[in-house]
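There's a structure below that I have some questions on.
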């Protein structure tokens, strides 16, 4: 695996359900246009509040993938 | 929306169930005394351990709200 | 409780299910060889991606315990 | 001045004009309900974009004031 | 203790004597207007210098307390 | 707005006039090739000095936009 | 001294008296089971509050020691 | 340009007008005693408040210059 | 050079030989698809271990380039 | 690989030759007492100076390994 | 006080007695060669251990002073 | 060694060869005008790219030395 080169992008998923659902939505969206997705790292967990309740979670990810 | 002014407070929710439940408890408590809650950002995720198991999660949030 | 001394170790749990399951696995494993586990703090949330989907979550914890 | 005690609050000002205008709006709003404002420190500079242009700046401040 | 909600405030104590005296002054002042003070964390240690000597120490604390 | 996915890019604008002009130049350039620009966050403020004077400001921005 | 290898551990001392006493208690405890202790670095200063007063200080240290 | 060696100093400019004026004052002052000033990086933006208004801005800069 | 706009990307090179070889591989790969590469900054140095030895180094770089 | 649990330790290698040699020495030493070493991350690069020259490099690593 | 320019230096004091004594020694030493010392900020608290006891504390300070 | 006082300066070395050569150049330059150089710590590793290749490395160091 040596000498491989990787790139990361910063993607933010959102979901009314929770942290994992926002992460999985971000990864699914990234996989539509990028190949060889390899890992992610959570960079921030935020959300919006409406009427005193959590309306949706927003989770920012660094997603890494191998370049050909 | 320009020229609006916001304030943030740092609130820590706790729950035996998990991260989202602790977040939602903190937001619900904050909405009892503050109006116009707008967003949150997770600042730390901690918890207590009893008898070798997670007893409860503690999630610290910065909660932002608009000042009148 | 004064004059107690604590130590922390850095443990990383993994789970295909989600963040809390990875945390609870890490705590369970630590409790097999360490006594008096007292608290944890999440230090990083990562994961691996396979075939464009989250394969498993990896959550790094600082776990604190009291020394005798 | 010794033995004085200070408190800080986190306030976010916004302005379509620029960074200083957002700061000054935040300080003016804080001075309506707090006495003895003493210093500020910029914690983040953000903004919203509409139609490809900066719509307004948002500047988060830690504002410090002396407690009586 | 689960499901408790906590809040933190940022208070800065000062003292000509030293770090602990500044901390204890800040905690004493906070306890005059807040109940259920629970923990503190030192965020910064600063001070002023006059005539080439330390005139007083300033210690910034995050102080946490339980909300009813 | 839930379930939307966003991406950020890191763009650095420069201007001899000042911070806001550098930000606005970076946003204008980004809007030429990206749609749905939504927010920015300042990450660093730097500049070059020539003949003992500020020659131009360089402001690095994280710019966020919605993915379709 | 070249080619020596060191390890660090994270130890938290506590004391009702103050910061130095907590540090010295942590170092004394570490020296009971580890040889060749060489340096420490303070990582966090916290404490508990009871009845509106500092009950004890907690000081987290990275303690370094040489491996044979 | 290879093998050049640079040094940085930390200078804080102040101005009642705004951020750029404080930066330019700091650079002008540094250029009185240092040659070959090359770049700056903003490290903190603070200010003092008097009578509920911003009295002056204080901008801390790392200023880099080439050593002969 | 004023009013130029730059972008950065995050690229991770790997090499069994060492840090510089991983950096140079990452830069070489980036130059295949990007023009006007201008600077890099090392963000993390990691590596994999196999059979108790370093198998390869992984160096993450922020690489900056000028946009036309 | 799911449900695996890992631990990290902080080890500092030193070498008069350079950064990679210090890293490899630290990994070699760790492998004498720990099995299943898997990855490392550089946390700090320091060194001592004697007679105006670098006497040896000191590189601190977080080394991760799988627990059985 | 507007338009004043300040500089900071990084000085490390050491003392076998404790944190405040190390700070005061560093300030006293700095005042021998620098005028108009104005403030300090603690940047790190370290120390050396000999025979399992704290031999001396080392406290790093950023010390600020006004330039004429 | 107690009660010694140290100062640090921030120096950036550059070299077309690599990280260690840039460090050693910075230390050599510093030793021309400063006595009692004692340690260094790497603060940033950067470089310039020309024609798609690394033209030179730039390594920023905090260099510490004892004051008489």
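Note that the chains take the letters A, B, C, D, E, F, G, H, I, J, K and L in the order they are written out, and that residue 1 is the start of every chain.
Throughout what follows, a contact is a pair of C-beta atoms (placed from the backbone, for glycine too) under 8 Å apart; a residue touches a chain by one contact, two chains touch by 3 or more.
This is a predicted model, so every value here is computed, not measured.
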Chains touching both subunit D and subunit I: F
Subunit L and subunit H - chains in contact with each: K
Angle, in degrees to the nearest 5, of the Cα rotation that carries subunit F onto subunit K: 120
Taking each chain's C-alpha mean as its centre, the one farthest from subunit B: L
Counterpart interface for H-L, drawn from A-B, G-K or B-D and sharing over half of its contact pairs: B-D
Distance from subunit J to subunit D - Cα centre to Cα centre, in angstrom: 44
Centroid spacing, where centroids are CA-atom means, of subunit D and subunit E in whole angstrom: 22
Inter-centroid spacing, subunit G versus subunit E (mean Cα positions, whole Å): 22
Residues of subunit I whose C-beta touches two or more other chains: 9, 19, 48
Pairwise chain contacts, counting only pairs that touch as defined: A-B, A-C, A-F, A-I, B-C, B-D, B-E, C-G, C-J, D-E, D-F, D-H, E-G, E-K, F-H, F-I, G-J, G-K, H-K, H-L, I-J, I-L, J-L, K-L
Subunit K-facing residues of subunit G, complex: 19-20, 23-24, 27-28, 31, 37-42, 63
Parts of subunit K lying in touch with subunit G, wherever the complex brings them together: 18-19, 44-49, 52-54, 57
Residues on subunit K engaged by subunit H in the complex (per definition of touch): 1-8, 62, 64, 67
Footprint of subunit E on subunit B - complex, ascending: 9-16, 25-26, 29, 48, 55-56, 58, 60
